[in-house]
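Would you mind keeping the following structure in view while I ask a few things?
Chain nomenclature is as follows: A, B, C, D and E, assigned in order of appearance, with residue numbering initiated at 1 for each chain independently.
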Amino acid sequence: MSELQPLEGTGVRRNAVGSLLASLKSLWGILVIVLLWEFWVTASQLNTIVMPRPLDVVSDIATAPGIYFASMAQTLLLAMAGLTLGMFVGTALAILTWLSRILAGLLTPLGLIFASVPVVALIPVLARIFGYDIRTVLAIVVIISFFPAFVFTSAGLRALPLGSDDLFRVLGASTFRRLWFLAIPAAVPEWAVALRLAAANSILAAMVAEFLMGTSGLGHLFHAARADLDMSRALGASAIATVISVVSFLAASGFEKKVRQNWS
Amino acid sequence: MRISTLSPHSSRDLNAAAAPLIRVSEVTKQFRLDDGREIQALRDMSVELGQSEFVALLGPSGCGKSTILRLVASLESPTSGLVEVNGRPPAELAKQHRLGVAFQDHALLPWLDVAANIALPFKVAGLPVDEKQVSELIRLVGLAGFERARPKQLSGGMRQRVAIARALILTPDVLLLDEPFGALDAVTRRQMNIELQRIWSEQRITTLLVTHAVDEALFLADRIIVLSGRPGRVIRTLDVPFARPRHADIMRSEAFHRLCDELTDALETPVEQTI
Amino acid sequence: QTPAKVRVQIGWIPNVQYAGEWISLERNLFAKHGVSVEWYPGGPNALPAPVVLAAGKADLGYSTWFPLLDAVAKGNDLVMIAAVFPKNPLGIISLAKKPILKPQDLVGAKVLAQGPNEKTAIDATLSLAGLPVQWTQVPAGFSPEPLLAGEGDGYTAFGVNQTITLEQMGLKWGKDFHFVSFDELGFRTYGAVLMTTRAYLEQNRPAVIGYLRGIIQGWQENDKDPAVAARLATEKFGADFGLELKQQIRQNELQIPLTRYDEQGKLRLALDREVMSGPMYAAARATGRTNLPDVDKLADFTVVPEAHQGL
Amino acid sequence: MSAMPSERMRTTLLGALGIGIFLCLWEVVGQLRLLGLSWPPLTEVLALLSNPARWGLFGRALAASLEALTVGYLIGLVCGIIAATLAHLTPSLKPGLDRTSAFIHAIPSIALAPLFILFLGRNATPAALAALSVFFVIYVATSSGLGSVPRPLQDLVQVLGGTRLTQFIRLDLPAALPVLASGMRLAAPAALIGVIVGEWFGAPRGLGVLVINAMQNFQIPLLWSAVLLAVLVSLTLFGLLGLLQHYVARRFR
Amino acid sequence: MRISTLSPHSSRDLNAAAAPLIRVSEVTKQFRLDDGREIQALRDMSVELGQSEFVALLGPSGCGKSTILRLVASLESPTSGLVEVNGRPPAELAKQHRLGVAFQDHALLPWLDVAANIALPFKVAGLPVDEKQVSELIRLVGLAGFERARPKQLSGGMRQRVAIARALILTPDVLLLDEPFGALDAVTRRQMNIELQRIWSEQRITTLLVTHAVDEALFLADRIIVLSGRPGRVIRTLDVPFARPRHADIMRSEAFHRLCDELTDALETPVEQTI
C-alpha cells in the first residue's frame, strides 16, 4: 500500500495514468481482496463447487446477462421500495414520539423492540403473515430500514444547535413549528447517516429474504444456483448484490457529506 | 392584551415608570454543579419593570444578569420567589410571540442564511414574512450584501448584529437584550445605540438590557439597576434624569459624566464572591 | 490398534433420520468394526456433502442424489457407495376432496412448493409421464396451513415429516389427506445417498467398510424398537435442535419401510445398478441433466455387499 | 429539559403500558388465531419457555449464541475503531478503507457464511459474521464521529501545535464518543443478526439453529420461543448500551 | 530559538520596536460565499511585529481583524501576499507549541471542566501539567471555586476568562488575543488589563491584540494599528508614548484622553463597505 504514494506523485502528469491511480487510491482494498481470492483458489486448487475464481464469476455474468439483469431489477426495486417505506415509517415514528410525551412513552419501547429484533429471525413468522413471496421480502426491508431511521432521527431531533432550543421557546414557537423549523432541520445530518446505513442494508436484507423464501430476485438466483452447485452463478448473484449495495452506500454517503457541509 | 394591574403593596411603584409589567420578586436561584456543590446565582432579587420602561442591568461578570433575563424569558424557573409578566407566568408572553430576545451567545441557526435567520420569528409565529421589514433591518444593522451569507461566514460582530435584528423583527412587547453590543466596535456600537433609541421611542417596547458599558446604559435606559457580585443582589438603583428623545450629544454633557462616574464607583464596591 | 477416524457430513440435522448412526454410536458398534466416527450436522442451509468432500473437510457424506450428479459433472471424482433410503420420502400431500395420486392429477393443479428442487421434480415427473408440463407453483413454506386453506391442491412434503404434522392436527392419513411420493409417481431417486471421494475409498477401504458395518447393525437394531433411536436423537445427538420425541418416534416408524429394499427387508443400503441406470438416469435426464457418467464410474456396487459379508 | 422524577416515572409507566398493550394484542391475536397457526398465543410460548424440561435446550442455545455474539461484537468493535482511526489519521488511506469496508459489508452474508463454515469452522462462523456486521456499523459511526469536531475546536488544537495524534486524542476521540456510542448500540442487533445467519448454515447449536429448524419442522411454539429469546437478548443489550449512550451524550456534548 | 533576521528592505523597521518577528506583507484575503460572490476581507494588508512588541488592532466590525489573527495563527492562508513568523511559515510556531491564542468565540471543550480546559495546552504539547500554574491562573482570572465547573455552567464572561487563562498557560512566544475582554464588565476588564500588563512586562511575549476599546489598546500596546472598514487596510498607526511599567493612573492623564479622542476620530472615518 505504501508504494502507492510515490507513484501517485509522478502519475499526475499524464491524465489517464493519473485517474487510474486516483481510482487505485480508493479501490486498493477491493483489489487486494479479489487478488487474494484468485491466489487462494489457485494455490489450494479448489474445485468450482467449493469456490470458483473471480474470472469464472465474471464470465458467468457475461454469458447470462439477461438472467442477472432480471433478478437485479427485481431486487433493486424491492430494496428501494422497502427503503423508502422503512425510512418513512421510522422517521414518522421518531417524529411522533418527539411530538407527544404520551406517544413517546407508548411507542419508544415498542420502537426499540422492533428496532432491536433480529429481523432475520422473524422471516419465518413474517412469511406466514404476508405470504411466501415478495410481500414478505418487502416487509423485511421495511423493518431493516425502519431501524436506523428511527434511532438516528430520534437522536437527531434532539441534537439542537447551541442555544436554539431556548431561542424557540422565547419566540413562543408552537410544538409543530419547533418541529418544522428547528428539530427537523437539525435532524437532517443524522437522518442522512441512517440513510447511508439503511441503503447498504436494504439490498442485503432483500437478498437474505429472497434466499429464504422468494421465488425471484438475486437471493433466489443465489439459492437456485447453490442448489445446483453452480457456485459461479451463486457468487455472480452475490457480486451483483455487492456492487449495487456499495453503489447505494456511496450515493448515500455523498448525500450525507453534502448535508453536513450545508448544515454547520 | 396589555392590561396591567397596579399592585398597591409594591414598594417600588415610585421607581417604575408605569404599573409593573414585569415583576421579579424575592427570587433566589441556585444551580448545582456536577460535584454536587450549589451555586447561588441570585439571592432575594427583586426587579420590576413598568409598561414601556427601559431598564438596564449592570453588574460584575457572573453575578446573575443573564440568569435574570432567562427567568423573565421563562427559560429558568426560580428556586424560590416569583416571576410574573402582566400578573401571569412569563411563559405566556413567549407563547403569544410578544417577546424579543438577543442572547449573549447569538444562537443563530447554522443552516439558515442571514435573511432567513432574521425572518425566523415570522415563520415561528406563523405569520407571512414581511420581506421589506427584513431587508430594512438588515440595512439598519449594516449587513446589506450579506443576506445570503451563513453564520459561519460572518465575523463575530456581524453575528451579533443578526441576533439584534432578529430580536426586533416582530416588534415585540417585551425586549430582553443580553450584552447585545458586546462584540461591536465603538463606532458601530454608537450607531446601534442610536438606532435602538429611535426604535424604542417609536414603539416603546418594555426593555431589559444587560450591558457592561455604563455610558450605554445611561444613554438608553430609564432606570439602571446595579447588581453586586455573586450572589447577585441590587446594590444601587438610578433613575436616569435625561429627557427623551435623547440626542447623542448628551454623552458629552457634564451630568452624563458625573452619573457615569457615580455608577462606576457603585460597580467597584468590593465583591463578596462566594460560590 | 487405534480405530481409524472417519469424518462424516450428515445431510440434515441430527434427527432420527440417522437412526443407524445413533444406535451404532451409542452401542459402540463402530468401534467394534475398527472406526471412530466424527460427524458434522447438516441442516436447511448447510453445505451439501459433495462440497464439503470437495473441500476436504469430511471423508464420507450424505446428500440427495442430484447434488452428487452435479458435483461429478463439475469434475469431482466422487463415488456413490450406498443409499439409506432406496425409496425417497419426498412427495406430494393432497386433501381428500381433490387427491393427487398419479401424474395425471398434477396436470393443471396448483401445487404449494418450497423451492427450485421441488419445482424441478414436478416438471420432470410430468415430462416422464409424457404429460404436458402444465401446473401452477404457489410459493409456500413449511406450514401445511395454505393447503388446508385451499390455496393449493397439493403440497410438496416429506412423507415422514409434514404428514405427521397433519396427523398431529387430527387428520387421518388416507382419509382426510393423501400422500404420494415422487418415486410412486415415476420420478425415481434415492434419498440419503452415501458418498466419498474415489481417492479416499481406494486408500481407506477398510475404514469405509467398518463404517458401513456399523450403520448396518445400527439400522438392524432400529427395526426392533423405533423409540430407541428417536430417544437418542432427541436427548443426545440432536439435543440442541429442539426435536420432539413423539414426532421422532412416528417419523422412525414411517421411515423404516423406506429403508427396505424389498418386502423381506434384507438388502439394506445396497445400490441397484438396474434401478440406477434405468429409471433414475431417466429421471435425471428429465431434469435436464444430460452429461451423465457411466453408472459403474458413478457408483461402486461392491462396497455394501462386502460390508454385509463380514457380518 | 430537566427530567423530574415524576416525569420519568410517567414515561416509564407509559412505556410499560405500551408494552402491555402490545402483549395483550399478541395474546388476543393468538387466541383467536387471527394470523393462523403461525401466530400462537403468548401464553403458549411462555408455557414452553417456562417448561423446565426445555431449559437445558434453551440454555445451551442461548449460551452458544451469546458467546458468539460477545466474541464477534468485541472483535468487530475493536477492528472497526482501529480501521476508522487509521483512516482518520492517514487521510491517504481513507478513501480505500471507506470503500473496502463498504465492500466487505456489502458481500451478502448468505454467500460468506458457507465459505466461513468450510474455512473457519462451524463454531467460528456465527462470531465471524457478527464481527463483520459490527465492524461496519462501528467503522461508519466512528469515522463520522471523528469528523464531527466543530471547526473552532480544531483551530484551537492546531494553534496549540497539536500533532494529528494529540488532536485525535484530545479532540476527535471525545467528540466521536457520542456517535460511537450510538453506533455501539446499533451494532448490538446487527451482531445478533450476524450470529443467527451464521448459525443457519450448519452450526451445531444456537438460537439461530433453533429458529431455522423449528421453522422447517413447523414447531411453532418453539420457533416463537427462540425468536422471543433472541429479541430479549437484543433488547437487553440495546437497553444497556442505551444507558451508555445516554451517559456519553451527557458527558461529552 | 528566537533568532530573527532584520530585513533591510522593510519599510516599517522604524515602527517596529525590534527586528520583525511577525511579518504580514501585502496580504489580500478573499472568501467566497455560497452564492459565488467574493468577499474581500483584507486588501494589501501589511503589519509587522518586532520581537516582544505588543500591537493592538482597532477597526470596525467585519473589517478583517480576526482574519489577520487567523492568518498569523496559520489557520487561514492568504489569497495573495506573505505571512511569516521568524522568516518561516507561521505553522511552525504552532507546531513548536509557542503560540497562545484566545479566540473570539472562546472555543472551550464542552466535555472538560475549567481546570482541564486551562491545562489542555500542556497535554497537547505532551508536557506534564503544572497544577500549581493552573490554579494560579484560575485564581488570577477570578474563577477560584469553579475548577470543576463545565463550560455550560459558566456565565459568558467566565467562559471568556477561561479562554484567556488557557492562552497564557504555556507562557508562549507569541500571543494572539481576539477581543479577549469583550464579555467582561468594566471592573473585571480593568483588573484583567492590569494583570495582562504585568504578565507581559515579566515575560515580554510578542502580542497581537484585537480590541474594540480604545483605552484598552492605549493602556496595553506599544503600537496601535487602525484598520478601515472592509476590505481592511491600515489607515492609521500610532506609537503609544507611555513609558512602561504603566500604572492604571495613566488612564486619567490628559495625554491619554487626547490620544483616545484622536484614535476615536480615526475610527470614525467614513467607511467604504463594499462586499
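Definition applied: a residue touches a chain if its C-beta (ideal position, glycine included) is under 8 Å from a C-beta of that chain, and two chains touch if they have at least 3 such contacts.
Because the structure is a prediction, the values reported are computed rather than measured.
Peer 1: Hey, how far apart are chain C and chain E in touch steps, shortest way?
Peer 2: The least step count works out to 2.
Peer 1: Which other chains touch chain C while also touching chain D?
Peer 2: Both chain C and chain D are touched by A, going by the contact rule given at the top.
Peer 1: Please find the two chains that have the most C-beta pairs touching each other.
Peer 2: A-D
Peer 1: Based on mean C-alpha positions, I'd like to know which chain lies farthest from chain E.
Peer 2: C
Peer 1: So what's the Cα centroid distance for chain A and chain D, whole Å?
Peer 2: It comes to 16 Å between the two C-alpha centres.
Peer 1: In whole angstrom, what separates the CA-based centres of chain A and chain B?
Peer 2: Taking the average C-alpha coordinate of chain A and of chain B, the gap between them is 51 Å.
Peer 1: In whole angstrom, how far does the Cα centroid of chain D sit from the Cα centroid of chain E?
Peer 2: Here the centre of chain E sits 50 Å away from the centre of chain D.
Peer 1: Out of chain E, which residues touch more than one other chain, so two or more?
Peer 2: 105
Peer 1: Got the chain C residues that touch at least 2 other chains?
Peer 2: 51, 55, 141-143, 145, in rising order.
Peer 1: Among the residues of chain A, pick out those that touch two or more other chains and give their numbers.
Peer 2: Where chain A meets two or more other chains at a single residue, that happens at 50, 124, 128, 264.
Peer 1: Can you name every chain pair that touches?
Peer 2: A-B, A-C, A-D, B-E, C-D, D-E
Peer 1: Which part of chain E faces chain D closely enough to touch in the complex?
Peer 2: Residue list for chain E touching chain D: 70, 73-75, 93-99, 101, 103, 105, 107, 109-111, 120-121, 123-126, 170, 176.
Peer 1: So in the complex, which bits of chain E are touching chain B?
Peer 2: My answer: residues 31, 33-35, 37, 39, 58-62, 65-66, 104-105, 113, 142, 145-146, 148-150, 153-158, 161, 178-179, 182-189, 212-214, 264, 267-268, 273-275.
Peer 1: Provide the residue numbers of chain C that touch chain D in the complex, in ascending order.
Peer 2: 13, 40-47, 51-52, 55, 57, 141-145, 161-162, 165, 239-244, 247
Peer 1: Please name which positions on chain A make contact with chain C in the complex.
Peer 2: Residues 46-50, 124, 127-128, 131-133, 213-215, 220, 223-224, 227-230 of chain A touch chain C in their complex.
Peer 1: Over in the complex, which chain D residues touch chain C? Could you list them?
Peer 2: Residues 36-38, 56-57, 60-61, 64, 110, 113-114, 117-119, 122, 200-202, 204-206, 209-210, 212-219, 222, 226 of chain D touch chain C in their complex.
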